[in-house]
Structures are given as C-alpha cells and as structure tokens.
Amino acid sequence: MKQNCDVLIVGAGPAGLCAASVFVNTNVQVVVIERDPFLGGQLLKQTHMFFGSKEQYAGTRGFAISDILKESVLQAKNIHIFTETVAAGYYPEDGFMLAIEQDQTLHRIGFKKVIVATGASEKALIFENNDLPGIFGAGAVQTLMNMYGVAPGKEVIMVGSGNIGLIVSYQLLQAGISVKCIIEAAPVIGGYFVHAAKIRRLQIPIYTQTTIRKAIGTDSLEGVEIVSLDEKWQSIPGTERIESCDTLCLAVGLCPMSELLSQMQCETKYVPELGGSVAIRNHRMQCTNKDVYIAGDVAGIEEASSAMLEGYIAGVSIAEDLQIATPKHLVLRENSVEFLKAMRSGPIGEKICSGLKKVEESHV
Amino acid sequence: MNLKDDNTIVCRCADVTLGEIKEAIRKGYTTLDEIKRLTRAGMGQCQGKTCRNLLLQIIANELHISPTDVELSRLRPPSVTIPLELLAKEDANEN
Amino acid sequence: MKTKAAVVVIGGGVIGTAIAYELTLRGVRDIVLVEKNTLFSGATARCGAGVRQQWGTEMNLRLSIGSVKRYETLAEELDYPHGIEFSQTGYFMPVYTEKQRQQFEKNVSLQRKFGLDVQYLQPEECRSIVPIVSLDGLLGATYYDKDGYLSPFHTTAAYAEAAKRNGVCIEKNTEVLGFTMEKETIRSVKTNRGDISCDCVVNAAGGWSQEIAQMAHVTLPLFSERHQILVTEPIEPLFRPMVMSFTHGFYTQQEPNGAILMGVGDPHEPKGYNMDHSYHFLHTVASLVTSVLPAVGKARVVRQWSGLYNISPDKAPILGLPKEVNNMFLAVGFSGHGFMVAPMVSEMIAQMITNEELSIPEARTQLDLGRYDRGERIVEPSVV
Amino acid sequence: MFKNTGCLSSIEYSSLMPDEDRLNEGPVAIIECPEHIPCNPCQQACPRGAIQPFQKITDLPVIQFDLCNGCGNCISVCPGLAIYVIEKNYTPDTSLMKIPYEMLPIPEKNDICDILSREGSVIGRGRVERVQKYAFNPKGRVVWVEIPKKLYKEARNVRMVKE
Amino acid sequence: MRIEKHPILEFKEKKKVSFFLDGKPVQGFEGEPIAVALFEQGYKNINESLVYHRPRGIFCCIGNCSSCLMKVDGIPNVRTCTKRIEEGMQVETQKREP
C-alpha cells in the first residue's frame, strides 16, 4: 500500500507519543508506526513509579504513564497509528519509508518530515556459553514477566547494577521470583542509590568488582561461574566460584537504534556517553538531513521523561517547519527545553551533557 | 569483558567466535566492514543488532584504541527481514 | 609509507591484489599497492561472486577456463588455510525464446570445443538440476557443473596476504590524487599520504578507473553503473547451481549456509557512481526471481547493497597500455565479471610488465584499448 | 560508601535522621535520597511545606523536621521508595514505622512480619498496624508497622510471614 | 510458569489457544507470542544455531535478534518472540543440516 502523510513518526514509545500529541487538533496528517502490538514502548513494562516532575508524570507507574500518553493521540482523526508495523528501510530514490505490518503487508509511506523515535536495543556481553537458553536480555525478562505474566525462571542472577538491572531485579522479586545476586564489574553501583537500596533491603546482595566468566549448562542454563576483579578490571585468580541459577539476566546497557538514521544519510557519531552511534542534531532535535528529527533513546540513552520532552521539542519544531505552530506550541517547546536543561543539571546529568556536547550543533 | 576464551560466540546469527574475530584483527583487518566481510560477523539475520557493539569493543580492545576511533560502517536496509514473496506481490507503480 | 617503488598498483580489490601477487612471482618485489579505502571494499566486496565458463566467445572462454583452473588450487598455492570457499555447484542458464535457444546451442558447441562438458537440458530435464524451477515458458537450459562461486573476500585476502609475505607494501586509506608526469611517462603517484615515485603504475581501480586514467590525461571509453544485490536469511537447501536468466536479467544462487543471493540488471540505470539502495530493485528482483523459482518466495530479505560495474563498450576487459602513457598498465572495464577472470587477467598484466609472453597471446591485440580505435570488439552474446 | 554497597551505613543514615529530641517528640519523615536525582514530587506533596522548596529539580530534598508531623503523604509519592516515617515512642516499648510496600503477600492489619534492616537482614518481628492506600497510586501501599523500640534506627523494611 | 499473583499488575484470564509444536499439541493464551507460549510450557530450547547447532531460546523477546527463529505454517525463520499464536498453527523447530 502506498500513502503519503505530512509527518511520519517511527516508534510509539514516550518520545513518539509526545511528538504525535503536538499534532492533535491540527490538520497535519500524521502516521505513527509501532512495531509492538501496543503503544507506550518500554513504559508498558515498568511497574515502578517514575522520577521527574509532575509535568512528566513523576510518581506515576510506567504502564499508567503510557495510558495517559496514548489517550489523546488515539482520539485524533488526523493521526493514523499502525501497530505491529516495523520500519524496514528508507529509500531515498523512491522517496518513502518502507514498513511491514504483521509480516504480511508492506506500506510505502511518503512524508514531508519524519521523527525517528525508535528507542534502543540491549547490549550483549561476551562470555563463554553466552548463548545458552535461559540467558536473557533484561528487556526480555520484563516482556515475559510484565507483559505476558510468564516467569522467566525460578532463580535469577542479574548482570549489571545500572538502573535497569536494579529495577528488573525488583520487578522479579515482585513477581515472586528469587534473585540470587546482582553482579557488577565496576567498583560502584551504576544505578540510582534509591533503586539499589530497595533491593538491598530485600536481602539481595550486590557484588561489585565481579564479573561472569562462563555460563554452565548443556541444553539450558544451570549455573554460572563468576569471578572477582581487581582495580585494573582483571580477574583475581582463586576467586572463581560457581553459582547455580536457571536464569541469567543481562542488563549491561542500551544502544540507540540508529539504523534508519544511517539510511537517511544523517551524520552519526559514536558517543559512549550516549550509548553508541547517535545522530548529530541541533537544539530543535533536527538532524543533518533537515527532514529528519529524533527524540528519545535513539538520540542518546536517557530516561523516559527526557524522551517525552524531546518528543515535544521535535514535534513542535516540525509544526514550525510546516508553519502551523501556535503560541501554545512554542510555549510547550520552551518549557520542554527548560525542563530538559533542569533535569540534566545535576551530577547525574553530567555524563549526558558531556555526550550531548559532541553531537549538538550550535547552529540551527 | 572477559576476552580470554576464544570459543565464545560473538555473532550468534552466524556462530562467529571471538577467536575468529581476533585473528582477523591480528591480520590487519581492523574495520567493522573488513571483519564483517571476512568472518560474517554481523551479516546474519539480525544484521549486527546484537554483535555490532561487541565488535566495536573487541576492535578497540585489540588495537588499544577508544571505541570512538573505530570506523563505523554504513547500515543497509532492510532493518527487518521481508519475505521475498511480499516484495514480489507489491506493485511498485500502484498509487 | 614508502616513497619509491618499481610498481604502484592502484586498487585493493581482487584484481589489484592478484596483480601484486603475480608480479612477486616474477621477481618484482618492490611494489606498493594503494587502496583509498580498505581491501575488498569496492566492487569486489559487492559482487555476486559467481564464476562461469559458459561464455560465447573464445576470449571470454579462455579467460574464464584458465581462471577456474587456478581457483581450484589457489588456496593451497597462496597458503591460505581458511580456504577461499570455492564451490563448484554449476551454472544453470534457462532458455525462454527460440532465438536464445539457437544462440545457446551455438555457445554449447563452442564451449564443448574448449573441453567443457556443458549440457543442453530439455525442459523436462531441468528439474533434475533445479527442482524448484518453474516450467512456465521454459524451453530448456544449459548447465555446466564446474562453474560455481567463491568468497571474494577470502580470495582477495589470500592474494593480499601472499603478496605481503612476498614483500608487497599494502597501503590502505591511501587515495591517489594525481600523477607527476614527464611527457608520456608517469614519474610518481601523488596520494593523500605522500608521493611515491615509480617505474610503472597499474590501474586496477574498478569503478573509479576512468578517473584515475584521467589524472594521466587518458580518456577511457568506460563508465560506471550501479548494480544491486540482495541476500536472504538462510533457509533449507532449495537449489544448488547459480541460476542465471538472460531473459529476466537476473542471477541467483543459494550459498552453502542456505542464504540466497540475487541481483538483476536495470536497463534504465543511469551512468554514475550512485551506490544507494532502491526499492525498485527490491521489487523487481523479487518478482523476477520468484516467477522462475517460486519456492524462493518464502525466504526473507536480510540485506541489500550495491556496487559499481565498470563497463566497457564491448563489455570485455581492457588490458595493457594506452597509447598516451607508456607506463600505466590498465586492468579495467570488467563490466561486472572481473572477479571470475581475476587469476588470468592478473597473470597477464604481470607478464606484460615483465615482458613475458602472455598466457593468452591474442589478449595483447584483442583486449587492448586500441581495439576500439581499430573498430575491433569482442562481441559477447551472453552477458547480463 | 553507599555507591559500593547500595546501603547507607549507620553514620550515613544517622546523619539523615533528626536528633533524639525530635524523634522523641512524635512521628517524623526521613528521606534517604542522597543523589540529586531530577525529581520533586515529595516537595509538592507535603501539605505543611516541611520539605524545603527546590531551586532546581535536581536539588536534594531537605526536610525541616520541626514542620513535619509524619503524615506520610510524601511516602506514597516518592518514586524511589526513599522516604519512611518513624514514630519512636509509639508505645513505651514500641515504635511505629510507616514504609512504602509493593510486595506480596499483601499485608493486612495485625499480620506478623519480619523486620529487615537496610541490608535485608532479619532483625526482629513486628505487627502490621494499618495499611494505607491512596487513590492516585492504587497499587502502592503505605504500611504502618509496630516494631520493638530498640530497632527504630535499624529497621527499614518488612517481610510478611503469612502464607 | 505463569505468574498467578502480582502486587502491581493484573493478568486477566485469557482465552486458551491450541497449536502444534513439531506435531505435538501445545497451548497458550490468546495474544501471546509463540516463543512465550512455548517457554511457559517448558520449551526453553526452540532453535539451533547455524554452524555449531547450539541450543537457542528466547534472548531479546522483541524481534531484534535471531535466537528464536522457527518455521511457522511452512514459513521459515519466523521470529517467534513477536509472532502471536493462532488456533491450529503448526510450529516447527528448524533442524539445520549437519
């Protein structure tokens, strides 16, 4: 099927939904494509309350935020949403985004402007037998457990003490699944103290300076061998020990899904602080291909609240390009820019800010 | 990262091991593209979504450089697989 | 980087690396190979990698037969333990028109004269070779089981590593910017990493060979043209040989791991250096290939890419010196089938440089650039 | 220190608590949120203005213990479950702890529970006094637990012992 | 194993759907992806790797990786962590050529 729209939004997570919400009550024809059967992206899998301010639904649980965000967008007649539809590629000569719905229907979607809000994928880790069944990405564990109500296993070891590792450990405990320990290669816990404290006071140990050497098992995971690391990140001989478990959950970071941006000839750069390859953009979230905007984790790994704010900024900037921006729109963007700045102002935002410096163009 | 065990699988689509990748780097094939072409790592069904980052890390580790200095390769479509019969069915000129 | 060499080879594809290696076999060791990108990054990396011997002219037959013979033992010769993955699973070339049938029969009798046991299959025999072929409109096919394909990457790496062991300096990320000339002679090659003075130059720059020649004020009658390929996910074995249809303009092959590779020529493709990907290609090749091999429709496309054909007026290579420059050896204009003739071509370029007799002596007068001025062409009836 | 262990040490958590005089006076909220997270619902939730206004959203919450009456509104809005209330002198022998609780089994009045420290060690037994629910946070509960008075500093969590 | 009770989430009772794994009848809930339903029924190992025939199961569960590819109603290489089950569906493990 071939169709044209004014604005194509790839991804209906927090960033994509907020971007789409800008076009509610306008005449702009918007198409949103989302690869999951549901809207809200990873928010839907989050049982915890979110940080931030009231405007970003702080204190609301992730799945509830996604309900709020999709509400306005679902009602709008000018916003057409295709779920279970994946962007397959951008074809510059043919002038459209190719998308595939449920593995059965191809859509060729022409557009004036596009917002890429594809989010992130999970990083993997190298260790012996890392491909045994029973070893999951943390996202997979969340999907199994919180979307489908299926326990990933009986006894879990978590690798990584960033926020995701901590949150998913807590979610496992909520689901009644035992978490044996969290291991962390660094000398300090990566995530927020408050998340770590929640699981520590549930008696879950966090072993820092510890890494996984190998997974053990024939058809599926039966245990792991872990080892302590010295200050140079080298294994300390004699500290190897075997822990039994049927599930290993890898929470070792996220990586922006920037394939489409590369296809659309947006200049990208590898920025470790932002999780991987991200597009160069200006403060309007516009890429070097001026028809392309980004928002959310694809622009650099951060929190859902920043994804939402970036979604508003990208949406309003396109509204401006299409010459339909209202004063209200501009206020929304101004506020979003201010909020973002404020959120990134503390010590936790330092890393993001130093990463952003490398990819933010100073000019429009 | 434990980089000692050469039998560790890095690209799970094509079962490419750490040893094969280190061998390619040792022979002077130090870009993602060269390693991909010689070892098939990242050429499989997921198109590097799982191993791309690992490859970057391994290259950086082996060459003692920062991952930011590893040359990135161009990512070709499609980003997801498409059955050929679907493409054949679709009329490219229909409006 | 060295500033002086006997020979500077321009181009790190299969042709350039093979020439460098062949030169070392003939005692020339003072060689610098410059490649603007990385090894096997241009047309070599993007080719379909098939090698066929079913050609319709003597010259192409001799080039390809000699090359296949060499490929059969090349990994051992180059001491490349991984191997070059040469797999002789044959080429199956279906026939759909009477005119084609006559041409193919003529080709087969010529091919048989060269000792190739090419079969002409009747429609009902075709399925014994390609069980999934559609019989719709099929009048027959030719099939030769010693054709096949091999890894362009490993082949190039094998040549490059052997050349290196024999003393060749390979300089990656080194782009040729121009030449210092003295009358009709190139004295040095200017690159982004410095100049290299030399006795002679080999132009094996693939899609960019006309631009390199122009730097020495030689205008080659060549142009570059995008050709696209896609590959599917591995699926169960469906067919063994390369299937190549002149009627449809496609070729397709299932690799040992089960992935199916396919490409198609586009008669409307403009000349130039565009290496983007198009949906038009995706749709076209999918329609054409599934019309001939319907079972392939289940396979999923995993990646598409494009590369440049470097096309000559008669779609045959141009080898040797141009009249304007006395030390730039051309190994250009392969028109999409350079990889399959690389062993013979590289051998002959090395022979030219070292003043030996050529393995195919007629190549000196039949494949030189001057043939176009003389109004002589290789008229190959069988190219995609 | 807490970045290595995920637990506040006794020095660290003691420094976040009011002095003994204030603890003896009546219920009071304690905020264990030491990291400048961009987050402010607690400040907005306090009906008495006991949590100092934020200059920036990344400010640390600072509670003025003399204005706090231990109502616990801030407990239920805190995304980090970082706030709890202690009423040291609940009875002559017991203290009352109000904590956020999101685990199974769901506590009910008079249920017996293990009392856990910041490290998750079982340090005693307690009794559920009340389970508070909030309309805006339907699944989140604030549980009031009566604990032995000697544990008023170490206690930080509970686990239900019922089936 | 199903999570029966959860302090925060509610898992509503859903319609059962029957389908086949290598000819054997199996069950899952409506709307569930194939791999999830199989995992819940105890089938962790549902695929084997291309070269070394290593056992593979769910890894990313969002259709990114290649761990859970199976043949579904005759179509090979279906990402079963996102493809939802349908009544009577024939799901087969893909044994690779030795």
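Letters A, B, C, D and E mark the chains as written, and numbering starts fresh at 1 in each.
To be clear about the criterion, a contact is a pair of C-beta atoms (placed from the backbone, for glycine too) under 8 Å apart; a residue touches a chain by one contact, two chains touch by 3 or more.
Every value quoted in this text rests on a predicted model; they were computed, and no experiment measured them.
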| item | value |
| --- | --- |
| Partner chains that chain C and chain E have in common | A, B |
| Neighbouring chains common to chain A and chain D, by label | E |
| Identity of the chain that, by mean CA position, is farthest from chain A | C |
| Central subunit by CA centre of mass proxy | B |
| Most remote chain, CA-based centroid, reference being chain D | C |
| Selected interface, D-E versus A-B, where C-beta contact pairs are more numerous | A-B |
| Euclidean distance of C-alpha centroids - chain B vs chain E, Å | 26 |
| Centre-of-Cα separation between chain D and chain B, whole angstrom | 49 |
| Centroid spacing, where centroids are CA-atom means, of chain A and chain C in whole angstrom | 44 |
| Averaged-CA centre spacing for the pair chain E and chain A, given as whole angstrom | 24 |
| For chain E, residues that touch 2 or more chains besides their own | 5-8, 49-51, 54, 56, 59-60, 63-64, 67, 69, 75, 77 |
| For chain A, residues contacting two or more additional chains | 47, 61, 86, 89, 91, 94, 98, 103, 108, 121, 131, 174, 176, 263 |
| Touching two or more other chains - residues of chain C | 233-234, 257, 277, 279-280, 298-300 |
| In contact (per the touch rule at the top): chain pairs | A-B, A-C, A-D, A-E, B-C, B-E, C-E, D-E |
| Contact set on chain E toward chain C in their complex | 50-51, 69, 74-77, 97 |
| Chain B-facing residues of chain E, complex | 49-52, 54, 56, 59-60, 63-67, 69, 75, 77 |
| For the chain B and chain C complex, residues of the former touching the latter | 14, 27, 29, 31, 33-34, 37-38, 43-45, 47, 76-78, 81-85, 87-88, 90, 92 |
| Touching residues on chain B, where the partner in the complex is chain A | 1-3, 5, 7-10, 12, 18, 47, 49-54, 56-58, 66-68, 70, 72, 74-80, 82-83, 86-87, 90, 92, 94-95 |
| Interfacial residue positions of chain C with respect to chain A in the complex | 276-280 |
